[in-house]
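Okay, so subunit A shows up in both of these, paired with subunit B first and subunit C after.
Up next, the complex of A and B:
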């Protein structure tokens, strides 16, 4: 009996924390989005907040902006992360001192909080930032206005830049073990069959790496989709990314607009969950080479 | 290994269960006691309050965006409070006190009787929200000796907070006034009205912007614009009627939209906070900033963030002024300590130190006439910094704040008509 139930007992502490904190918060947020708000004396449920949200132009503009920025940020960090990972691999084979030093430098963004990272981007890339001042100092630009608008820009490049810088090392770290395995297990075989390095990369590495790469990309996408601090610091006043819009509604609209803010959070959660399920399904299919079962 | 882990985990699980059970029990038990003492405290005499406060640690939630204010609290107020009254003041910096009000609301919702917030620094809209939702403890100001002795409780700018009666739920800590900050090397004659400001902006495209409301300062800027563009403040001192208000506002939106394309980044985006605007000003990207603190510019010059040529100006028709307050939340666990701390911060000693630009440089909430002659002399001898306007000039250019009910309407209107 104990032997059978043991695994369940072992995960109980973790599960209870998840259930209480995560699902508790989720249920609370859902109830609030449906207008249930005992502190303000509102006890009935309604879908008014959702109606209002889904019929407002702001929401759709923000959703589109959020999807666009998250997609681009994920794409760039995915590609860059793969590059960094390959660099790590090469480093591992050669063990040059500069290479190791560079590797440490590339890992640096991992230990910097998003908030700080975003602020670094602001200080570096604003029109009167460090970079602009250096260029100005060298006489490469005549005035600050000549420096391109890279932070708080309408297309969100500042946010994309910050996320790419921050998430690429994360993806690199996630796929590095897989990459290392592929090279140590398959490289010799491929060579025996006469594959050139680039052929090996395209025909062997990419297909084998894809599951790990896509799932880490999905993690990045989900994060950039629902995180607040980077778009708050680097975004523009209108339209805002969804998490920032939610914050604005929650803090600025008075008590009566809070359900809308919560409804945004529920929508964010739903989309993220949906993507999570998709990622899981995809990785399962790719996880079985040849699709045997 | 396996044999060891199983019991250990079982113990952990049991411990967690016991802990959770214990928490809820502890809370249940202490409820009656906590409420009993807190109502007694509102009637207790001051000696009782002071003796109960001894040894308490008071968590003060306050906007943490100003280094000089933080230093005043940490290096001037806290040590003296500790030494003279044995009350430890722990400053908890927040970006926007609204977040704390929301936290209190959430605590109220789950019926949390023992909150971590003992003292908050609020006014205006936040006070209105807190008062409406019963998030504040009770009427305590008449118990504070310094309140009774030094404050003119009947002055309109003390009695009402943005048009809303304080009813003793909060005690006045200081007064602030809106000023514009500019670089006198780049602007020879600063504008004296909003109309002139708009002209200046159009002649100097890209050199002016304001923080996006609901940022506190940005929100104040549009209220400032409202008064001039719609014909004075008197009409807004009556209670809100949103049907008659909305048509009145269109000159304001026209005004703000007319200067939009000449703003920084052509008005496509606005700084999300005053800190960002200050940074733009310090870097020379814009030539003006602003703030609800007449002495801030002098402070920033001293710190080296703003250029030495920085000066301030008020408009001929006057600028917004308000009073800000200290209050105690409904579920504070150290109400006695909070009362002692507030009383201390209202003492002439603490207020004069606060008035000194070496510490903070902000106007006192005390009535100057009620101070002793020595204290009055002290006040008149303080040099408030090169960029700070003389107290008399500030005082003669004060306009009352709008009732806070208008603030939300304006902030949302701005998002609707200007930001989009």
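Up next, the complex of A and C:
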């Protein structure tokens, strides 16, 4: 009996922590979003916060900004990640010392925390940052104000830049083994049958890489969509990305705005889950014989 | 003219003194329509040579000629070759039909024509009706058939085969050999096959080149090669079990106290070398040689005791120790009961079937 149940008892502490912290947090957040706040004496459930949120212009502006930033950051890091991965592959074949050094440099963002990355972007790209100073030093700009506003800007370019810099190596790392497998297995075959390098890329690499690339991009999109620290450091006060708006409402809005803050988190969770399901379905469709690719 | 000619091909890999490899082929001609097999153990350089021909590897020196023009500087994709690899390596995201038509698509042939050709080639390899399937839905043998169809559909100038059936089970391998041989003869394809499988080379090839450590040791037709190996290594690689070093003098081969009569080789005097005594050339004496009923020439009798006896696939494979030498013979299990260990056997052999390889 003990032998049979032993594995379950052994994993129980870990499972308990996950269930209490993760699912407990989800349930509590959902309850708060529905107006259940025992600490504030609110014990009734209602969908008032959701009605208020969905009829708020601020919410829709924030949602649009969040989607836009997440989409652009994902697109840029997806393309850059593919480029880096191809560079790794080329570098692996040639084994040059400079190439290896560059490869290490490209992997560096993986070990740097997001908020440090955001701070680096601020230091590099603000109007009085290092890049502006270098350009000014070389006489390429006449005054610091001539440098474009790339941090704390209304369009979120600083955030996009930070996520692109941080997530491109992640995508590269995710697709590199697949890319390597494709090249080692099918490049010679395609060459023998008359495919030029670009034809091989279009006909073989892209369709075979698409499932792994799409999955990686979905992960990046979901992360960017619900992340807080980078938009908090690099964003502006209005409009804010959804996670920042939720934080602002929760900390500065008083008791009556807290359900709205939690409703935003629930909406974020739902959209993220929906995207996850979509990614899973798409990867299944592409991964199966007879799939789209 | 689609004969293939290799001239002065050299390709080296140098890692360390003990771990370096050099391919060196002074010249090799494969006639138009001929199936030439490069036969050798793993790591002897046969796949390297095949890749040099395909243009997938650039040789350090030498030229590859196809007909009367050199193709050394032509990139792989423009050489117009067909190749079947060890694994089928079909594109997993394409249907069987699209896989077969891939080479035609790369040549810019219209969709209708290329799919029509793919269909008829699939029919030729016995896979009619499989066109809409995906590679993952086929067995290993079917995948390799598709791979063969993909190679043949472009009407290649030369067909290159890199151990194409090594990943298949024995029964399927035999079926694929028959299919390949038939198609190769139908299309009169100049074909270069590399394999480590002696049986495969002998069944398929018009001519065989034995490779060892980056060099071709001997080239000939299968039967001639089998009957006249020019080195003991080749004899053993081709399956000879008893290759014995000794000295041949006036028609008698001697190795220690072990002696064999080799009539017709009287021109050799104290010539060191190897005698090839094939296990199928050794036979059990039906009647003890000492009896008056025996018809066997007593000079051709070998006597020894059984050291090891193994039954495999309907035959006994017996190691017999005689004087200073042990020999292996094989005979069908229905000819005699299994010889017991230590049992004394009398053997005879056909002296005309002995091969002497002199040492120079």
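Descriptive notes on the structure:
Everything that follows uses one rule, which is that the second predicted complex is superposed on the first by the 271 of 293 C-alpha atoms of A that agree within 3 Å, B and C clash if a C-alpha of one lies under 4 Å from a C-alpha of the other, contacts with A are read in each partner's own complex, and residues count from 1 in each chain.
Keep this in mind: contacts are C-beta pairs under 8 Å (C-beta built on N, C-alpha and C of every residue); 3 or more make two chains touch, one makes a residue touch a chain.
From a predicted model like this one, the values you see are computed outputs, not experimental measurements.
Annotation: superposed three-chain arrangement on subunit A; subunit B versus subunit C shows no clash, the two fitting side by side.
Within the superposed three-chain arrangement, the count of touched residues of subunit A is higher for B, of the candidates subunit B and subunit C. In the superposition on chain A, A:155 makes contact with neither subunit B nor subunit C. Residue contacts after overlaying the shared chain place A:13 against subunit B, while subunit C stays out of touching range. Applying the stated contact rule after C-alpha superposition, one finds that A:284 touches neither subunit B nor subunit C. When the shared chain is aligned, subunit B comes close enough to touch A:237, but subunit C does not. Of the two partner chains placed around the shared chain by superposition, neither subunit B nor subunit C is touched by A:51.
Looking at the shared chain after the overlay, A:90 reaches neither subunit B nor subunit C. For the overlaid pair of complexes, the smallest distance between C-alpha atoms of subunit B and those of subunit C rounds to 31 Å. Overlap of the subunit B and subunit C contact sets on subunit A: empty, with no shared residue. Residues of subunit A that touch subunit B in their complex: 6, 9-10, 12-13, 16, 37-40, 58, 122, 126-129, 144-145, 149, 152-154, 232-233, 235-238, 248, 250-255. Contact residues on subunit B toward subunit A in their complex (touch as defined above): 5-6, 9-10, 12-13, 16, 96, 98-99, 102, 105-106, 108-109, 129, 133, 206, 212-214, 265, 268-272, 276, 279-280, 283-285, 408, 411-412, 415, 419-420. Interface residues of subunit A, counted against subunit C in their complex, comprise 185-186, 188-196, 199, 203-204, 207-208, 289-291, 293.
For subunit C in complex with subunit A, the residues that touch the partner chain are 51, 54-56, 75-78, 80-83, 85, 89, 91-93, 102-103, 105-107, 133-137, 150, 154, 160.
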